[in-house]
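In the two complexes that follow, chain A is the common piece, with chain B as its partner first and chain C second.
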Partner chain A sequence: MMDRYSKLQMVGIYFAITIFLIFILLPFFEMFMASLRPLEHLFRSPYQFWSDDFSFQAYRDMWVTVPLLGRYILNSIFIAGMVTGLTMIFVIPAAYAYARLEFPFKNLTLGIFLGVNMFTGAVLLIPLYRVLRTMGLLNTYWSMIVPGVAFLIPTGIWLLRSYLEKIPRELEEAAFVDGASRMYTLRRVVLPLAVPGLIVVGVAVFIGAYAQQFLFAITFNQQRELQPLPAGLFEFIGYQDVTWNQMMAAALVGVLPVMIIFLFLQKYLVAGLTAGAVKE
Partner chain B sequence: MVDTAQTQLEAVQQQRGRALPESVFAWLLIGPAMLFIAVIVAWPLAETIRLSFMEADLGGEQYVGLANYADLMDSRKFHQTIVRTFYWMFLSVSLKLILGLIGATLLNAAVPGRALFRVLVMPPWIIPIAIGCIGWLWLYNGYFGVLSGTMMQLGITDGPFEFLAHKQSAFYSAVVTDVWVGTPMVTLFFLAAMQGVPRDLYEAAYVDGASRWYRFRRITIPQIMPVIVSMSLLSAIFTFNSFEIIWILTEGGPRSATTTLIVDTYKTAISNFKFGEGSARAVVIVILLGTFSLIYLFFLNKVNKHYGSGKK
Partner chain C sequence: MATLDLLSISKSFGAAKVLHDISLAINDKEFVVFVGPSGCGKSTLLRIIAGLEESTSGQIMIGGDDVSDAHPVDRGISMVFQSYALYPHLSVYENIAFPLRVQKLSQQDMDTRVQRAADILQLTDKLQLKPGQLSGGQRQRVAIGRSIVRNPKIFLFDEPLSNLDAALRGDMRVELSQLHRSLDATMVYVTHDQVEAMTMADRIVVLNGGRVEQFGTPMELYHHPKTKFVASFIGQPNMNLVPATVTGADATGLGVELPGGCQMTLPVEARTVAVGDKVEVGMRPEHVHLGKAGLEINVNVLERLGGVSITYGTAADGTRFCASLPGDARIDEGAPITLGAAPEDCHVFDKSGDVLRRRSAPALVA
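This part shows the complex of A and B:
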């Protein structure tokens, strides 16, 4: 009864939701429309909302115009996947320490980690370039993976820590009383219980890594075959002309795999992300 | 039986170094992450500070003391950039928070289809920022973009309107895109916070005859205040540092209309190879952002305490 709306209220809510969603989805809709228009038609002025020569030709041609497109799509997923895996390796032990243990400089070091959140790679590009050059990582996958990991570790620690804090302490204490070592307790008692939290943080890190590849890719990597999708897409801007319709088609197809994976995971994500955020 | 199990366990315990002191164990756990951050973030940061005292380019480095900073102090253009950056941040963050709050309230309403609506809100957050920007680049085009097209059909403008070619419209167009990128995350965090508000609070208020608006103002907002606080700081930092959006849409133009500090830094250091001057700008960013965050945290800690005390 409390949640019941009158007809008028229902109409109002749906109307407002529609406007909100139009704002969110309009660029995708326009990208899709552009991908359907033949190139010579694309630049027809005045603007036409509908035309009768829509076709899916661009979805076939794009693989020819940019032969490495498939590679770019996979590169994006590979880089984001590697970043996620590595980040989690660093984040899990650290988050556990901050959630459970008392040690000197706890708050100070946590503050330092969170301070890293304030920078983006863009501020540190020049020296970062030199560091990566010294380590011989320029123009390899690592040049895009390593900075990604560094800038996602703080977020990961922050999210996972609040998750781990929710796991009842008694279980660990019981294991400890039974004689398990600290490491054993972490591996065999805490981690299995934290799986939902690990999924959430993993997905959040993946999204971060997937969304922000562009800058590191254009700055640290010149190898065409290694480029992720956002950088690779700019190859559709050729010397002669820009094949916009194919670029849009490629962008939409390129993000499709991740969108589909995400659809399956979104339930956990929304529930879990917020479990971490609400507390602080 | 019990005895042997006991001895076995003890042996295992010793092997695994159970006696490890808590603080040593803790440092072993955070050590790798610390070290990684030190090499990839802290060292470059120190290097940036060093470079900011240098005249440095591809040719080499020469110590110039505070000259780079003095130049920035004197530069009217740089002052304008700072003002523009804060205006950009203020405008974009406010819009993200307002839209996020409205969006979350709508998606929290118990209407059929809301599970679907929640999914539909997420795409701008999940896809690479650069790809969303390509979509907006298209929308803003004067000749074949739908916005200009609609405006022409409605007779608002006579000819094609290039959103990114004029100083004012380019700035606000970039803001809109930034808001578009940032709103889904804010919305989802607010939504989840709203779902965490205990139902009995609403029920009690409902029984007392409180209106929806009253319940929103007096229950929802205070209850989700901590999340509003953390999201506003997080968004502020993201927006301040927002680079890709501006770079892809306008590269800071036309005539610097969309050049924020981060874009200015990138242009100086990477596009023009003035590493020293670029580093000085980067240091200014770190100082501004650090100060801003501290003031903000201090101020909002108070807000949190205020709301927190009323809760329990």
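This part shows the complex of A and C:
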């Protein structure tokens, strides 16, 4: 039996999992703890892990301190959603072409895409700023969406291409023999079979878009109403003090919708990442 | 329904030439099987006929029209793939209806046609299931169903039974033969299994190394193989090839000496060989019998199947020999036996592997 472990091995495995989970989850836990207590408790010395007056007051106050908070959260989701949607529109046909068609410079261009991935947005901020200014996109949603899409297309193509390559070629040949066009085959045969892969790529792009919007937002956008949550959180840093507890509460609330979506998509993620690994 | 003519089809992948100048004329309503070892180019040839692959040179004619550059649908062919190539996310109904949806047929037309195909293939109660819920044989039938709804002129099968287990393969073989009869269509079938070829084909194309070795009826191939390759490929167990030396050639036939000194006079055309030449004598295991004078072999393995005893042994010079003897033959593993064969049952191949024509071969079975 390959999957039988001794007691000692089990202890070791769970110990490793625990360490890993603590490492990942402790920041969230600390955020949550910080959000629950009054501000003055946070600066107590010596630091107390447990306070006696936990409350959800910060979750109420934060909407007052930063009146546009709701808008920021929606902006965040809107921008990441738009980036994801637009990226997928470009990535799906491109990935299919790279997976199935033969054309000159195929491998070279793929290599270039990978190369582009190695630049972070930060390196290109100034040229991007000039481009966006020329196009008149500064201080609009587009100033955060367009660069987001541009930086995520290469990743998307690489991810989806490898997934599409695993779909048996014979299925497409069968459709071709039956008279289906490339687009019809893509729509009726390939994409329905690639749904787990599309979700994986969609989620990866969404995470990417969510993570990178901060940089683009503080550089390309001055309009308060358009800011996404990571930029909006700055408003908790006041002239006098920083309302850490409210900032933590706002961050948690902002991340919550995304987390819930992921919880539901989780099974697709796992299935998608391992699909095709074993012949059925 | 239609005839299919291949006019000197060649195919190269880069520098590798996989098909050499293949010309075949396949009749209307004929069931033709392409058979050969893996890598002989039989699947490539089928894919060229289907229009999935382009030939490097040559022409394909279907029903007299040149379709070399036509789309598969315009060629009027349909194809059943080795892996069935069913769409796993669509129901059996949708799988069978797929070619009709592409054609944008009316729902009513589509229903009738799918129903008819389902009736023929006994899938009527399976139409709402997904391919994943079907057995291997049923999946195969769905794949066939998808190919018949379009009423193609020619059906192409690419090793359709190789994914099934032995028992099911036997059943599907019978079903396919019946289907051929009921559809009355031209069918081209690719397989590496000579039993499938022998049992189903009207005519067989034996391919080897991208060349047609022989094209003929199963019995023609069995009794009159043109080359050593065809002779050893057709027939189960394989034909024995015993090295021999020519001792004389006259009007009565060819005199040869087998290893161990046994002399035989074989009734074949002996014009192309001379005394002293090395030839190979082919004897089918089922034509060999226990005798007093003949080839002496040492029995290594004995498989008693009841009706027959398949005997594997080696001759004095190390040639392997297989004989299909009566079920109750008195033989023992490890003991020597003497085997003989009627001279008219023997085949003779010259050094290049070509056959010397037999004079007294059995009448051809049409």
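Worth a mention:
Definition applied: the second predicted complex is superposed on the first by the 268 of 280 C-alpha atoms of A that agree within 3 Å, B and C clash if a C-alpha of one lies under 4 Å from a C-alpha of the other, contacts with A are read in each partner's own complex, and residues count from 1 in each chain.
Assume a contact is a pair of C-beta atoms (placed from the backbone, for glycine too) under 8 Å apart; a residue touches a chain by one contact, two chains touch by 3 or more.
All values reported here derive from a predicted model rather than from experimental measurement.
On the superposed chain A, the two partners chain B and chain C both fit, without a clash. In the superposition on chain A, contact of A:L193 is made with chain C only, not with chain B.
Of the two partner chains, neither chain B nor chain C is touched by A:W50.
For chain A, the partner with contacts to more residues, out of chain B and chain C, is B. Of the two partner chains placed around the shared chain by superposition, chain B is the only one that A:M10 touches, whereas chain C remains out of contact. Applying the stated contact rule after C-alpha superposition, one finds that A:A175 touches chain C and leaves chain B untouched. In the overlay built on the shared chain, the residue A:Y184 is in contact with chain B and with chain C.
The superposition-derived angle at chain A (between chain B and chain C) is 80°, Cα centres, a multiple of 10. This overlay, made by fitting chain A, leaves chain B and chain C with a least C-alpha separation of 5 Å. On chain A, the surface patch touched by chain B in one complex and by chain C in the other comprises residues 178-180, 184. Residues 9-10, 12-13, 16-18, 20, 22-23, 25-30, 32-34, 36-37, 39-41, 43-45, 47-48, 51, 99, 102-103, 106-107, 109-111, 117-132, 134-136, 138-139, 143-146, 148-150, 152-153, 160, 180, 183-184, 188-189, 191-193, 195-196, 202-203, 206, 226-227, 230-231, 237, 241, 243-244, 248, 262, 265-266, 269-270, 275, 278-279, 282, 285-286, 289-290, 293 of chain B are the ones that touch chain A when the two sit in their complex. Note for the complex: chain A touches chain C at residues 168, 170-171, 173-180, 184, 188-189, 192-193.
Within the complex formed with chain B, the chain A residues making contact are 2-3, 5, 10, 13-14, 16-17, 20-21, 23-28, 30-31, 33-34, 42-49, 76, 89-91, 93-94, 96-98, 101-104, 106, 109, 112-113, 115-120, 122-128, 130-131, 146-147, 149-151, 153-154, 157, 178-184, 207, 210-215, 219, 228-231, 233, 244, 247-248, 251, 254-255, 258-259, 262-263, 266, 270-271, 273-275, 277-278, 280.
For chain C in complex with chain A, the touching residues are 50-52, 71-73, 77-79, 81-83, 85, 87-89, 98-99, 101-103, 146, 150.
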